[in-house]
Structures are given as structure tokens and as C-alpha cells.
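In order of appearance the chains are A, B, C, D and E, and numbering begins at 1 in each one.
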Amino acid sequence: MKNMRKTFGFVAALVIYSVFFYYVMTKDIGRAWNFEPFGAYSFFIFRGWLTTIYISFMALLLALFIGLILYLMEQTNFSVLHYLAVIHKNIIFGTPLLVIAIVAYYYIGNAFEIRSKILVGTITLGLYIGAYVSDIYKGAIESIHINQWQTAKMFGFTKFKTYRHIVFPQVIISILPPLAGQFALTIKGSALLSFMGTSEYYNRVNNVIANTYLTREGFLIMTLGYLLITIPLIKLVRYLEVRLNYKN
Amino acid sequence: MKNMRKTFGFVAALVIYSVFFYYVMTKDIGRAWNFEPFGAYSFFIFRGWLTTIYISFMALLLALFIGLILYLMEQTNFSVLHYLAVIHKNIIFGTPLLVIAIVAYYYIGNAFEIRSKILVGTITLGLYIGAYVSDIYKGAIESIHINQWQTAKMFGFTKFKTYRHIVFPQVIISILPPLAGQFALTIKGSALLSFMGTSEYYNRVNNVIANTYLTREGFLIMTLGYLLITIPLIKLVRYLEVRLNYKN
Amino acid sequence: MKLKIDNLVKKYDNKVILNELSMDIQDVQVLALIGASGSGKSTLLRLIAGLETFESGDIAINDDWMSREDIRDYRKKVGFVFQDHNLFSHLSIFENISLILEKVHGQKRTAFTSEILSLLTYFGLEEHKDKLPHQISGGQSQRASIARALAIKPEIILLDEPTSSLDPVLTWEVLYAIKKLVDEKKDVILVTHEIGFVKHVADYVIFLDEGQVIEQGRDILSNPKTEALQAFLGKVLSFA
Amino acid sequence: MKLKIDNLVKKYDNKVILNELSMDIQDVQVLALIGASGSGKSTLLRLIAGLETFESGDIAINDDWMSREDIRDYRKKVGFVFQDHNLFSHLSIFENISLILEKVHGQKRTAFTSEILSLLTYFGLEEHKDKLPHQISGGQSQRASIARALAIKPEIILLDEPTSSLDPVLTWEVLYAIKKLVDEKKDVILVTHEIGFVKHVADYVIFLDEGQVIEQGRDILSNPKTEALQAFLGKVLSFA
Amino acid sequence: GKEEEVLKVGMELKYPPFETVDEEGNPTGASVRLAEALGEYLDMKVEIIDTPYPSLIPALESGSIDIIISSMTITAARQEIVDFSDPYTTSQLMMLAHKDSKVKSPADLNDPEVIIASKSGTIGALWAAANAPLAQVLTLDEEVTAVLEVAQGNADVFIYDPLSIIRHQENYPDTTVAILEPLPNTQGWGIALRKGEDDEFKQQLNDFIQEAKTDGTYDAIRAEFLEDKIKEFEDQGLDFFF
């Protein structure tokens, strides 16, 4: 019964969206859809897609870690570290990804003679997303009741163990929802590597669009390709949300 | 004493960053800086900057509101609404801003004969950021202890009043930090309007770069322009974090 | 008060907590629920307050059967003191009370301020009125919780262990406050472990064990019939 | 135990809570702190546990003056029962104990499992061992908090109102558990409002009022000298 | 000799048939072949580096690439920042117009009511500023949106190269027309190199272009990549520019 209602709701929602986009499409003045030319490029595009997956997952792990470091730096009493984190975050928050990508590779990477675009791109993306992630941690940790900290202290937990065993398991459910969005941003953000001329998904689809002039089809393929990564990832996060929620 | 240490930390951090970027710049084999040609464009760029401020603030307010609606839709038992929100979020999470911008204006806007780019852009950006904001709300609200809900119920608070007077004031401190990042994303996200050919800041600086090829200078101006908006905004959020934190 | 409960069944995670519990009580002003820890006292109190759903059965207060529709209006007439106090953690002691009067009962700030202050003074909380719940002592937060429940001038007040963290002097004050309620013709349902307190204040006592009523009556404390209650009381008396 | 406190001053928000409090206690095994709500009992207990900083003064336990450096090792030897229980909200009752043994005391799961189980059984919690703190009754969570404090086999155990939510039967059990500790040569510092309980278990009593020691000794309960304590006790006795 | 030295050539591989990728993703197109011919001429290995348009100048300035061959039009403003070789083509600009627009020829452009769409970073906006100062200019980040502006009637014309104009017109046959009349005052495309770095190198580039035009290199490139285009141009009655 409940399952049926859920299924019905899902189908109804899907229909509403489909009707909406169908209506929009009928109003479009262009030509008919034509996916054929993409066939020849499928392997080319597919390899770019794999690159995107690789980069985004590495960057994602890095961002989770860098976010933690930044959070800890911001909390410390050692004020140089504190302000390093604050300045880093302010720069990241204020700078467009385009600029960050170009500065990171063509200026910073160049100065230190790092030539691997994948490496520079992954680190840059990790640093970029990490700044946002650190604020997610911060928000969640603020919500832990003072009692829990005090009890951990009383029973002899070190600061690290308190975070690891007491705080983290309690905040994970409030961290995961915003993190899902951040993960999606990371995956799409991996397109920043296209400014470095890396052959990832975004760049390659755009290459093909340029060759074939099939913009509409290209955008559809681009979106589907990203959805194919983001949807499973978000499903995974939602699953973890339920699994790791101690309240259930 | 404490203030001196803080100032010292800030200055030290700033010096470290400056040295880093100075080193990077010395490694660059390019020409000397040349800001002169931007002088002629300054009014042109300034008007774009104002447009960006206008759009991002409108979109930001909209996103806070849309995020709330999406959160409530996701929580409701009415499964059509629930899935409408879920599908919306999945689409937003998976689609590059470039594609969203173009579809929103040239397909959807066109189908409904909405010609105002500022309008379409603001709504689109609001819907886009709103999806991320709703997950920030969700994460924070998960952290409210069940006791607080029950007590509110007992004393006759309606659902709305419980959110308004009990839940919201308690979660605001865990919402604000990740929201700061989201605000910054909104401001930079307003560059999506440049895909629609609106003359906002990003677009205009890029125009000047295209005309003059002064990329380095253009990027610096672009970044400073955005920082000039994001830093005060983030300062404001941090201030609110302290002000609204009932624990202080 | 009249309280009628028919075959009330409440489960948590498929474990039966209240097991076809029934009672029919009339013309009682202060009803006390006693029983061992975990016997279901708090659960029963929450159900009477309409705070949780239950598997089956019915509850009527003053011949009014509880129903989904008018539950919110019903609750507005009920004051509740939670076992773990449950003050709103973001609000000062004063605001914990004022918010409810203002937002739920629609009263004006000018009208209730002095009333709240005298209530807080009565419970020795006047100097703590602007502190947050985590800044006051256990007994202070318990008193604040009682003051909050009384502030809405309830027709019926439910108290879950109202004196557990109070010293003897304050226990007397609470006892006195409850007696005042009785004089004002208000009804009280009380969960407590303080048998001495029950003797002073209650005119009807129900002894619960494992989710069922084992013994009930006006003078079961002085005249216990079941072995269970005798054993329970035995420990108390040997104490003082 | 020896407990020496010199001119201890503690403030919250510039309000003096403990006012140059001093004591020098020797050869006491169960020390009870009594006093009115808000008199500073919990605060003093937290300071003795090294949980909070203070303005000035010194604390020495068994001639060991408390210092920043070895505070963590000191705490590991101390069991603490918080007034509001403070169980870790994301861990089951069992895990609330096992986590500490495993992560802080470095014990092996195989070694402590049966020990924890028998401790939980002793406190009647075996069937609730996998529940989370918010799923158990007030008395159950208080017992879990006591079990947790005992599980680390502390040399000294500090209890803040350990029986406040317990029924008479269970109060006896806790009393008995504390007596067993005494037999095992462990030291106990106890904050409680249950004067009967204090009489049974404590061999030294300190009566606090407004952050100062008003009266102290081995038999101040049967032989109160100050008016304050007489009034305080007067209310208790008239109760049972 | 120079055998081991690598000449790094930056181009954005999104502009067929000049700079593009084949189905395996290898760089190909007329500019790629021209770069390779340049390598042979200089006796250097050539490496094509795909670089998006906004990154081309930073890449050149930082030394990530040595020259740019990316259908880049020579303008005075750009010459302040980079050096250009002599033009290797005479690039042309033409117009895609909305079917109802009053713009029928380049002469109609200088009119305050006319809206000219142009892709940012390309020459269209610059041309408009210099040659039709009264018209409104709309710059868009993406080519596709500029075309949509015209197709949906928001803009009058889109200024771009003839090849693309023809293609775009085929995509929106009902609402657009191609005005295949070259805009006046356009310069050709040049090879960009770092400013003032090496006059000798610049001279070599100019010599190469001179030679390639006559030694059959251009003919070969035309035959390989531009056959179709040339035919299209002839069909439209135009001269091809490469």
C-alpha cells in the first residue's frame, strides 16, 4: 500500500517533468534530433568520461581531507594557521573557477614545474571544494551539545578520539545531506580541467559539438553523462544517510 | 595581548601568501603588468559589476526561499511533491551550469516567451542554488534532538511555529557556515548569465580581455571584483554566526 | 477529573510496553502513578498528553475521548513537566515561558511579564531568568520546567518526576505549589518515586508494573494488598 | 581518600559560584556533599574531576596537587556519574561502556564483553543493552550512567545525584553497589538530596550553601549545629 | 641540430576544419597540418597542445606553448600584447541574420536599432566597435547562444566566419538567412608569438608562410581539409580565403 503510493508519486512526478520538457521542445524552432554523428565519437567521449570519473573521485577524497585540515586550522589557537585557512577560504570563495584553473596550471604549476594536468587539476579541485567542505564540517560540529564533549573529556578521550568516536558519528547525518550537493559540484567542477586543455568529458563533448554543430544533442549527452555519475553517487550518499543515522 | 597575537597571525599569514604568489610571478616569463587599457573600459566594467551584485542578491534571497520549499517538499508525505523535489535536485546536481543556463533561457524561456534575461537568469540561479541550500537545511534540522520537537508539540506549537521559533533559531548556527560558501557560489554562479549574453561582470571583463588580450590583468580585476562582493558578504555571515549563536 | 482508559496497548519496536492497560477514575484531583523504573509510567503520561500514537485502546479525559482532530486544543489546556525537563535550549529561562504565552496563547508581552517574574521568583529563579538551560543547575532547570507548565494556567497538569533533582526544602515548595493548584480546582497527574511526597499530595494512587495496573485506590500506600507493592514500599520505609 | 581544597574560587560570567571554599579531609571513604539546589555541589564535583578551569585556589587528592599536565591520566582513574546522565547519544547502552574500555583503556573486546554484561544485568539493563539513550526510561539511563562509571574500575568515583530518578527498590540497589565499592577500598564522592541515603552510606558529610562550606563532619546529620542545616533537615524528616 | 627541440603549438581544437580532433581524438585540421609543415621547415618536432581560448594567452606568456595557430585574427590591440606573423590567410567575416531583420547587407549595420551578436573572444565585437559604432553589440560566451539569439529574433545578425555561418543557417533554415557578403576592413589570421622575444624567429615564420603559399603546402592542405568548403564557397559565389 505504502509502496504503491510511493511508486505512483514517483511516476506522477516524472510525468509532470516529461510533459513540461516536451512542451518546451515543441516550442523549439530548430531541426529534428540527430544523434548519429556521435556514434563515431563514442569511444573518444567514453574515455573522457572515465577521466572525469577518475579526477572527480580523487578530488573528492582530497576535498574531504582538505576540508578537515582547514576546519582544524580554523579552530586552532595558533593564529598563523588560523589566518592561513581564513585567507585561503576567502580567496577560494571569491575567485571564479576559470581563473583558479588557469592560475593553478599556467602560473603556479608552471612556477613549480609541475607538468601533469591531471595532478594539478585534481589538487586544485580538491583545494577548491575543500574550502566549502570545511564549512560543512564546521556547521555540523557546532550542533554537538556541550555535554557530549564534557563526557568524553571526563572519560579520558583525547581530542582526536573525541572527534573520531563521539563527534563524527553524531554529525555524520547532518554532514551528509549538504555533502551530497558538494560531491555533485566536484564532479561538475572537474570540467575546470578543460581550461587546462585536459581531455575530460566536458572538453571532449564540446569538441564533438564543435565538429558536428549538434549542440542540442551534445548538451543532452553531456548532461546524461554527468547524471550517470552524480545519480549513483547521490544514491550512495542517501543510502549512507539512512545507514549511518543512529536514530534509525 | 590576545589581540596582538591575532594581528601578528594575520600579518604572518598574509606575508606567507604574498611571498608564495610573488614567487610564482617571478617564474612567469611574461611581460610587465599593464592596466592602462582597462581605464577606458572602467565604466563599462563597473556597470557589469553592479548588475552582478543585483542579480546575485536577488538570486540569493530566492535560493534561501526555494531551498526551504524544496526541503519541505522532500519531507512531506504527499509523494508527488516529494518526488518532484527529488527529481529536481537530481537534475540540478547532474547538469553543468552552462547547459542549465542555455536550456533555461533559449528553450524554456523561449517556450514561455519570457524575454528578460535578468529575470530568467535570476530565477534559474535561484533554483540552482536552492537545490544545494535545501540539503543544508536538511542536514542541520536532522541534528535537532527529538525532545525539542516533542516539547514544542506538547505546548501547542503548530508545525510552522515549531520551525519558526524552536527549530530555526537552534539550527541557524549550523546552517550559516555552509551557507557562506553557498552565497559565494551564488555570486560567482551569476556568471551563468553571461551564457545568456547578459552584460554582467564576468562577461564584461571577458570582453575586455578578448579585445586587449590582457588576460593576467583581466583575471586579477575579475577576482578582485568578486572578492569585493564575497568578502563583505562572508564577513556579514560570520558576524551573524556570532550574533545568532545562542551559546554565546 | 475523570480519566477513563480502555485496553491501552503501546509498543516500541514490537515490544509491548503498556499491556491492555485499563482504568476508570472519577472525582480525583491529584492522581499519582508509582512503580518501578521502566514500568511504563512516563509512557502512560505521554499517551495521556496525546504526545504519542498507540497501537489500540481509548483514552477519555472528563468524558472527552481523545481524537486526532482536537488534540492541539486539548494540549493547550495541559501543562507538562518532562522527566528530563526539556527546556528549549536556545531560549533563556524567561523566554522559555514567554515564547509559549506569546506565540501559542497569543498573549501580550505587557500582560504576562510580571506574572512570569513572580512565578520565577516563587521558584527562586529570578536571578537566573536570563540564563540558558545549560547554564543552570539540575534543580534549577527542574523548577524552570515546572514554572513553565504552570504559566499557561493549565486545566490539568501532568508532572513526570517533578522533584527528582530537588533538595528537601524545594520539594516542599513544589508540594505547596501543587496544593495551591488543587485549591484552584486544577487537576494533577503525577509520576514520582517519592512516596512521602505522594502520601502528602495524592488522593488516588496507581501502582504500575510491567505496563499493567497492579493495584489502585485512595489508600493503597497505607494499606497495600499485593506483595509487589508491599515489597516496593518496604524499601522506602526502611530508609528515613 | 584525602581531599584538600584551598581557597577555591569559581565564577561563571563574573558571578562567584564557589567562594574561597576550603576543606581538608582525611581517611574518608564515602564523602557526601549536600546542600540546596544551586549551592554549587555539581560545580565543585566537576572541579574535583578536573573538568573545568577555576579562578584561583588549589585541589589535591591523596596529596597529589592537580595540574594541567597529568590531568588526563588522573581522569582515567575517576568514574563520573553526571547529574543528567550524559550518555553518548549515538551509542547503545552497551557501546556507551565498551567504547571507553576499548578506545581509552585499550582493553580487548573479548576481555570485557562478559564483564559489561554482568554489570548491566546487575542494574537490570540486560534487555535494554542495544537501545539508544533516547529509547530508555529516565531511571534506566541513570543506571546506565552508573554502570558506565563503574566499568572503568575507577579508584575514585564521583556521583552527582545517582538516585534522583530511581524508585525505592533501585535506590537500594545503588546503595548496595556503592557499599560494595567501599568494600573494594574504592573512594566515593557523592552529591545527593536523599538524606536517608546519605545516612546509610556516607562517613563524612559536607553541607554547602552559596558556594561555601557551612558545616562538615562525620555526624552532622544526626547532630546539626547551624540553623541552616537544621532547617534543611527539618523539611526532610517531616516527610516520611 | 634542432631535431630534439620541440615546437609547442597551442590551439583550441574546436574549430573545424581548421583546428579539430578526429574520431580517435587526435588533433587534425588545416591549422594542424600547417603547424606540421612549419615544423618541417624549422626542422623541429611539433607538439599540438589543446588549449581553450581563454587559456591561450596565459599559456603563451608562461611558456607552456611557443606559438598560437588558432585562427586568430590580427588586431592592433592584440598586437600590443603578442607579436603576430604576417597573415597566413585573408580571413573573412560574414553575417547570419534573422529572416525578418532589416539588415540585408553590411551597409545596414551602423544603426542604433541593430543588435549585433558576437562570440566573446572573437573578432566580431571588435569589428563592430570599429566599423558599426552605432549598433548595439551583444557578446555571448558560446557560439551556440549567439546563433540562438538570431534564430529566436533577439538579435539581428551574428558576425562570424563564412563556414560557420553556412552551417548555422542550415540548422535554422526557417528563421535565419546567411548574408555571404564579406565585411570590409578585416585582416587575416596570424601566428601569435611572445612579444619582442625573438625577431629572428618571427622572420622565419614570415619566410615560411611566404614559401608555403607557393611550394604546394597550401594546395595540399586545401585538398585534404577544405575541398568541401571551397565547393560550398563556389556554390555561394564567393572566393575562398585560405
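Some observations on this one:
Throughout what follows, contacts are C-beta pairs under 8 Å (C-beta built on N, C-alpha and C of every residue); 3 or more make two chains touch, one makes a residue touch a chain.
Note that this is a predicted model, so its numbers are computed, not measured.
Listed by label, the chains that touch chain B and also chain D are A, C. Distance from the centre of chain C peaks at E, each centre being the average of the chain's Cα atoms. Among all pairs of chains, A-B has the largest number of C-beta pairs in contact. For the pair chain B and chain C, the distance between mean C-alpha positions equals 48 Å.
Taking each chain's centre as the mean of its C-alpha atoms, chain A lies 36 Å from chain E. Averaged C-alpha coordinates put the centre of chain A at 15 Å from the centre of chain B.
With centres taken as mean Cα positions, chain D sits 27 Å from chain C. With touch defined as above, residues shared between interfaces to two or more other chains in chain C number as follows: 84, 89. Taken residue by residue, chain A touches two or more other chains at 102, 107, 110, 145-147, 247, whereas all remaining positions touch fewer. Residue positions of chain E touching 2 or more other chains: 54, 58, 61-63, 144, 152. Every residue of chain A that touches chain D in the complex is listed here, in rising order: 147-148, 150-158, 161, 165-166, 169-170, 246-247.
Here chain D touches chain C in the complex through residues 12-13, 34-38, 42, 83-84, 124, 128, 135-140, 143, 160-161, 164-172, 193-197, 200, 231-233, 235-237, 239-240, going by the rule given at the top. Against chain E, the residues of chain A that register as touching in their complex are 29-31, 40-41, 43-44, 47, 98, 102, 105-107, 110, 194-197, 199, 203-204, 206-207, 209-211, 213, 215.
Listed in rising order, the residues of chain D touching chain A in the complex are 49, 51, 72, 75-76, 78, 80, 82, 84, 86-91, 99-100, 103-105, 132, 134, 152. Those residues of chain E lying in contact with chain A across their complex are 13-16, 20-21, 23-25, 49-52, 54-55, 58-59, 61-64, 144, 151-152, 167-168, 171-175.
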